[in-house]
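The first chain written gets the first letter, and so on, giving A, B, C and D; residue counts start at 1 in each chain.
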Amino acid sequence: MRERQGEAKIRGDIPHSAWPASWFEPPRTASMVGLTQFRQSPMLDDAVATGALPPVVERLPDDPIVAEPYESIGKYGGTASIFDGGLDLLNPPGGAFRVGPQLQLNLPNYAESGEFSDGGRTLTIQLRPGVRWSDGHLLTADDFEFDLMHIEFNDQITPVVTPMLQGATIEKHGPYRFSFRFAEPQPLFLKKLAHSGDNYVAPAHFLRRYHPSFTDVEQLTREAEELGVEDWRKYFEVVNSTRDLLVFHRPVLSPYMVVSKSSTRSRFQRNPYYPKVDPEGNQLPYIDYIETQLVATAEIKSAKASTGQVTFSGRQFMTADIPLFKRFERENGYSTYIWPRPYGSDVVFQFNLTHPDERLRHIFQDVRFRRAMSLAIDRDEVNDIVYFGQAVPRQLTVVPSSRYFEPEFARAYADFDPERARQLLDEMGLVDVDGDGVREAPDGEALDITLEYTLGETPKQPTVELVTAHWGEVGVRVNRKQISGALQSTRANAGLMDMSIWHADRNADILFPIEPFWYVPMHVGQEPLLFSRWARWYLSGGTKGMEPPPEIKQLIQWWEVLRRTSDMEERIDMGKRILRSQAENVWSIGVIGLGPHPVVVKNELKNVPRDGYWGWDSRWSWPYYPETWYLEPASKSN
Amino acid sequence: MTQATPPRVEPDAGPDLAFASQWRLMWLRFRRHRLAMVAGVVLLVLYFGAVFCEIIAPLGAGQRHRSYVLCPPQEVRLVDAAGDFHFRPFLYGVKQRGNPSDWLREYVVDTSVVYPIHFFTRGPEYEMWGLFATNWHLFGADEGAPLFLFGTDELGRDLFTRILYGSRISLTIGLVGVALTFFIGILLGGVAGYFGGWIDIIVQRGIEIIMAIPQLPLWMALSAALPAHWPPLHVYFGITIILSFMGWTGLARVVRGKFLTMRDEDFVVAARLAGTHELKIIFTHLLPSFLSHVITSATLAVPGMILGETALSFLGIGLQDPVVSWGVLLQKAQNFQAVVMAPWLLLPGLFVVFAVLAFNIVGDGMRDAADPYAN
Amino acid sequence: MRDPVTNERHGAEPLLEVLDLRVRIERDTGLVHPLNGVSFRIQEGQSVGIVGESGCGKTMASNALLRILPRRAEITHGSMQFRTQAGDRIDLAQLDPMSRRMRQIRGGEISMIFQEPMTAFSPVHTVHDQIAEMIRLHDPGADKEEQHRRVVELLDQVGIPDPEQRAFDYSFQLSGGMRQRAMIAMALASGPRLLIADEPTTALDVTVQARVLKLIERMQRELNLALMLITHDLGVVAHMVSYVYVMYLGRVVEEGPVEAIFDNPKHPYTAALLRSIPNLASKSRRLEPIEGNVPSADRLPTGCPFHTRCTEKVGDICQQRMPARVELSVGHAVSCFRYTEESLDDG
Amino acid sequence: MLNYILRRVLLMIPTLAVISVLVFTIIQLPPGDIITSRLLLLQQQGVDVSQEAIEAMRARYNLDDPLYLQYLRWIGGFLQGDLGYSVQFGQSVNHLIWERLGYTLLLTTTATLFAWLVAFPVGVFSALRQYSLLDYVATVLAFLGLATPSFLLALVLMYLGYAWFGIPIGGLFSPEFAAAPWNGSKLIDLLKHLWIPAVVLGTAGMAGLMRVMRANLLDELGKPYVQTALAKGLHPTRLVIKYPMRIAINPFISTVGWLLPHLISGAAITSIVLSLPTTGPLLLESLRNQDMYLAGSFLLMLSTLTVVGTLLSDILLAVVDPRIRYE
């Protein structure tokens, strides 16, 4: 039916050859390439000439990081225009580590290395000497220590500590060498560090001035009042915010820093201390300026992108927008790249297995019900109507490129078999008593299920409409109600909904082992509804929520092993046990995975890879070296 | 200026006669307002469609066609590609052009496939007014025919059919809402105007307060407060109540003003002296005396309700699929992509405009007709 | 004022002579004929009454004179010869209603007092403003001070106390009588020669009515104005005018000196009208309202317009033909088959 | 007069008090609160958010206090001119609102001017030439304007503006001018963008005003004082201007005070469709997220504006209409 080749590609197996081989390895440095000469963007020449900036060699680290461009050595200059809220697409954070292009690796970035010892209880990080903040200060172990001790562990600023860091300490071995010491083995912390960019580092030299541990609280309070913020805490938040940079010019590690900002527009300029160069010794990034514009709605974003108004965009676009983008490609001088979303299922249907109402809980906990619901879905129809037939109908499980993947996980109860579904429902005693075409609960009362959901990210609305229609065809009526994000969060957290949906991210190797919350009740949040009260039980050490049955306790057990072990084989084994349980029990129901996502790239923007994964797991563009993208100066472009 | 005062009614002629002749006069005057008559006919047609949508619609409202997603409107033809005339209308087949991996869903007419149109034919089964099941349709074509007079939506559902079904909700929401509005408006406005004093002050303040709060936030808050598990019918009434909650203030003001001026008129005073109960005075003496005005206002208030329903749907806080209403249908059309790639999705908007226009014009005609001093 | 002035053509040329005036209005409901050949005449300084029930076309006739008919009304026939101050005779029916000439005649030569002083004044302009405007329009030479002096003088003349203050009141601040006095002052402000008073007292209290009428009478006498008093109230006419036209459905059915009309009404309609007036009917007699209503002007009866209500019909002829005008005595004429030749013979 | 104003101002106080309670209720009515929205944001930034974190944050923002306390805290600040701090935007509400108010005012003024400049003459003409061709055309167009949902009109105009005139979609400036300093060509660029929202926002109001003007004028034209003035020999054109129009304009005046608050919130839908940097979308956003201080202060401000606007209108009306003044 479908082109084999196309299928292979869309299945998520973007081959290694899609990207430069060096992207899969720790980056080389200037000395390894043999670079001795470095160049800078001409826009900085004046500042260097007048002495406002030191020469480029002095600004770069001792041994600059070499980033290899996707296609070609770029040219300096230009202004990229992007949507507000998409800034990080061109301005990736400068963290110690970064995520590899296939979402399996965590690669050193500003760190030279990170090594676990003591059975995963100690992580020693060696920073590259001479990496600087955008104000010229050196990045040192102090900055990590400050973040952990004074931001992460200050209960006024961060009310609750990230679980992995609870009880951790930092030990400095020198300006560029330090160790995290954890209370228990945290071998997955490196993945976390890579995925979260620059979350665990802060400019200590700058922030001390605004922190009560270093500056008089009363003075801070006074200053807060003058600024019109409520207290020193909020004041610190504003100062430290990467969104409110303008007033304070908080130093950054990313390629760009803000120069002007209003509530609707902002302008960013290259960071003169950015520590990376291209293989010819040109300091990155290539593009001098980024301008962002605030656009309120996704609809206008896609309209603007389709008329060629932005250099790079993709966030908030929908699969259904693809024809629009394709239609105006030539006319408006851009290309539409189709990047798959690395999600186990674009839409995952979750019944509330810990529903407060015992009647419904009983039905939802019956594996026959969940299997029947999964078998009743005509995934091919969803694929045809919503995905142009170009995505992968599958059960919820990890993406195919994952080391935890087995094909049978994706096939489990994913075929369309309404007869079998009806049979299963009949077996359960869910039969249509009054002959209105809708099944009643075994007690003869109406089976009243409401699906509450919020939109965004993936084609949720059409999928929900189709799937509930499919369920209606086997006699299970599900009411739908679209609710606000805020409400989704409250009700999912509290486990109050009958059922809900989300997009099943965290199904690639970078996040699956850390947060396998689709499969294990280890997290309470807006996304997973299915296990909420079991998860609360687990997180509270058995004091709150609801005690899970043994099979669920088994899942938790496996995960406990998985997250602590440094043995890769054991980790994969545990992961597969967990996923096999999902394939057997269909804890939640997947429909279509690896959905095509439109990424709109202006023709003058070069070095953007044709292929990539688009989503939370990859942090969108981050693994694909946006710092090496450049603007071809306007000439006759084809 | 021919001193054309209406015939003075003798006191013993009784109010009924005056009443009847007032309506007759109104009708006579209304009939002369040609535009209003046309608008009236448009409304009748729309409501006819709403009442008999199951029969008129060739397909089911929820019926999907997976190979005709966002298919443009198809032409019903009498003349074939060769130029020959046929008495039986027919459709040509439609197929997608190009490769699915082009990502462009474009359709071309396939003249090699012909689907004749049948009248009074069997089609998808439905339950007429929830009373009995049947499958008779006014017209239809063979299964799989692209009988999409207004094209299809993003799930491949026939828009013509859905607009018809949608009119049932959209056109009644106005009527039900206005009825509610008027109940509240007349009650509160009447009470305030008739009794005056502190009751009046309270009602007046209440009106002022409600009018002072911007409409959208009130809508949002109220609709967010509708319980999640409510079935569609309850939501429908909930939305209607929300819409009416805003609407009554204007009418209450008018009614209050009328009552204020009328409560001291002779016939009211006479009734009061005769010991008639106050409420009875309101309903038997005051209300009928400006009923024509009230009905005219009602007609003019319906459009606000219809538009309100679409605005709520726009904000995603109104009715939701699977309920089919014009607002729900328009939700799919509210982006640039629809305007460019599938403009037929805007057709429900045209129906909204038509209905609202017609109501306004009819109301205008009624106002002219009801005004005894009209030229 | 009770000189038996005849209204014949002999003697001085009349100030105004209206001949066979017909007006037609186009309505959505069809054509309406409010005036169907009205003829009357006013001499300089003479006061004339036009009497009839509501709907008989009295007001239409005065509006036709000033050419301020409603938009879709038109004069289809007849003439309105008016002798201007300068001595020219012009046919008002031929003038362009929008023309400068016509506007000069309105107010300047012919002034009007309307029936409802409450609404006849603009509510958002002061009395002073509106009277001064009248002066300004017809005497462009008068400067602000002159205007003010004359406004106060006029108000004083019509008997408004404290005119300096009252002039700057709005109409709704004045009592009904005061308003009508102000209206009279405004009508007189431009020094007209013909004053049309259209039901000047209907909207007033009885006690005030007499005083306002007295005022009109006084002003007419003092300024030697011609007065055209339009009213349904024969009682008013009796005291105010010397000559009376009785109108019915857009026609004059009887005309004559006021004594002749009152003492010797010929037309059954006139007689009926007289019987329905309280202060003229003797105390012993019962009031007799006229049977039935005035037929609507869009469905005029055939023949004599009054036949539908007439209690003294001559015969079928009444609903077949229009009776001719018959002069019974000097200045007293009637249109009724009872007095046409054949009927007279019978009598 | 002074007495009247004083009495009205005094009456405003209880009204505003009730409104403030109502506004507070409106924001509290939907389930959930700002913390949940704030969490969404944190999660986007990659911060771990657990139930414990939520509870801690609720405590920090005093969301566990009794409602009346929360209300008192909010209204107390409001009375002192402190509109509070937007949790969602991380800025003071005063700052947020002021920043967008400029464009809102610009848009509102343009839309109102457009509405009045069209509605006024056309309405007058329609009334003077009732049932003429132009009257019919104006009537139908006005009804069309009233009948078209604003978001549809905005969408279609936006597309036509792009397809026919090449006006870039969304916003008030072309990209090349957005960050540029003010100069002539930036102004022209602004005007090029401005007309679509101005037309969309103005249309419904214009249509309504046109009908009101026509109806009022028709009413007034039938009044006896028009006959009086005509009988005075006044030229008909001057007459219409001096008398009936002068009175027919009063309803316009009585709505002047409401224009701003209505357009600020009413323009929200259009602003969302056209992606305009006005206050409307900000208000909706804050309501959606239950950003208490932003939404609450905003709403209360609008309501106060409406109440004050009504009073101003009434005073203005009393100034121009002696009937009200001397009541």
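Throughout what follows, contacts are C-beta pairs under 8 Å (C-beta built on N, C-alpha and C of every residue); 3 or more make two chains touch, one makes a residue touch a chain.
The model shown is predicted, which means the values in this text are computed figures rather than measured ones.
Participant: If you tally contacting C-beta pairs, which comes out ahead, A-D or A-B? Let me know.
Facilitator: Pair with more contacting C-beta pairs, A-B versus A-D: A-D.
Participant: Which chain is in the middle, if each chain's centre is the mean of its C-alpha atoms?
Facilitator: Central chain: D.
Participant: Calculate how many whole Å lie between the centre of subunit B and the centre of subunit C, each centre taken as the average of the chain's C-alpha atoms.
Facilitator: So the centroids are 53 Å from each other.
Participant: Nearest whole angstrom, what separates the Cα centre of subunit A from the Cα centre of subunit B?
Facilitator: 46
Participant: Between subunit A and subunit D, what is the gap in Å from one C-alpha centre to the other?
Facilitator: About 39 Å, centre to centre.
Participant: What's the distance between the Cα centroids of subunit A and subunit C, rounded to whole Å?
Facilitator: Chain centroid spacing, subunit A to subunit C, equals 92 Å.
Participant: Which positions in subunit B touch two or more other chains at once?
Facilitator: Subunit B, residues with two or more chain partners: 224, 334-336, 340, 375.
Participant: Among all residues of subunit D, which ones touch two or more of the remaining chains?
Facilitator: Residues 30-31, 158, 169, 273, 288 of subunit D touch two or more partner chains.
Participant: Could you list the positions in subunit A whose residues touch two or more of the other chains?
Facilitator: Only 299-300, 303, 484, 487, 491 qualify.
Participant: So in the complex, which bits of subunit B are touching subunit A?
Facilitator: My answer: residues 62, 64, 66-67, 69, 100-105, 154-156, 224, 228-229, 231-232, 316, 320-322, 334-337, 340-341.
Participant: Taking the touch rule as given, give the residues of subunit C at its contact with subunit D in the complex, in rising order.
Facilitator: Listed in rising order, the residues of subunit C that touch subunit D are 63, 66, 68, 98, 103-108, 111-112, 114, 116, 119-125, 133-134, 137-138, 170, 172-173, 186, 190.
Participant: Which residues of subunit D touch subunit A once you look at their complex with the stated criterion?
Facilitator: Residue list for subunit D touching subunit A: 30-34, 36-37, 39-40, 43, 45-54, 56-57, 60, 85, 89-92, 94-96, 99-100, 158, 162, 168-171, 175, 178-179, 271-275, 277, 281, 285, 288-290.
Participant: Touching subunit B in the complex: which residues of subunit A?
Facilitator: Within the complex, subunit A contacts subunit B at residues 3, 6, 299-300, 302-303, 306, 320-324, 326-327, 336, 338, 381, 384-385, 388-390, 448, 450, 452, 461-462, 465-466, 468-469, 479-484, 487, 491, 497-498.
Participant: Mind listing the subunit D positions that touch subunit B in their complex?
Facilitator: Listed in rising order, the residues are 11, 14-15, 18-19, 22-23, 25-27, 29-31, 130, 136, 139-140, 143-144, 146-152, 155-156, 158-159, 169, 222, 261-262, 264-266, 268-269, 273, 283-284, 287-288, 295, 299, 302-303, 306-307, 310.
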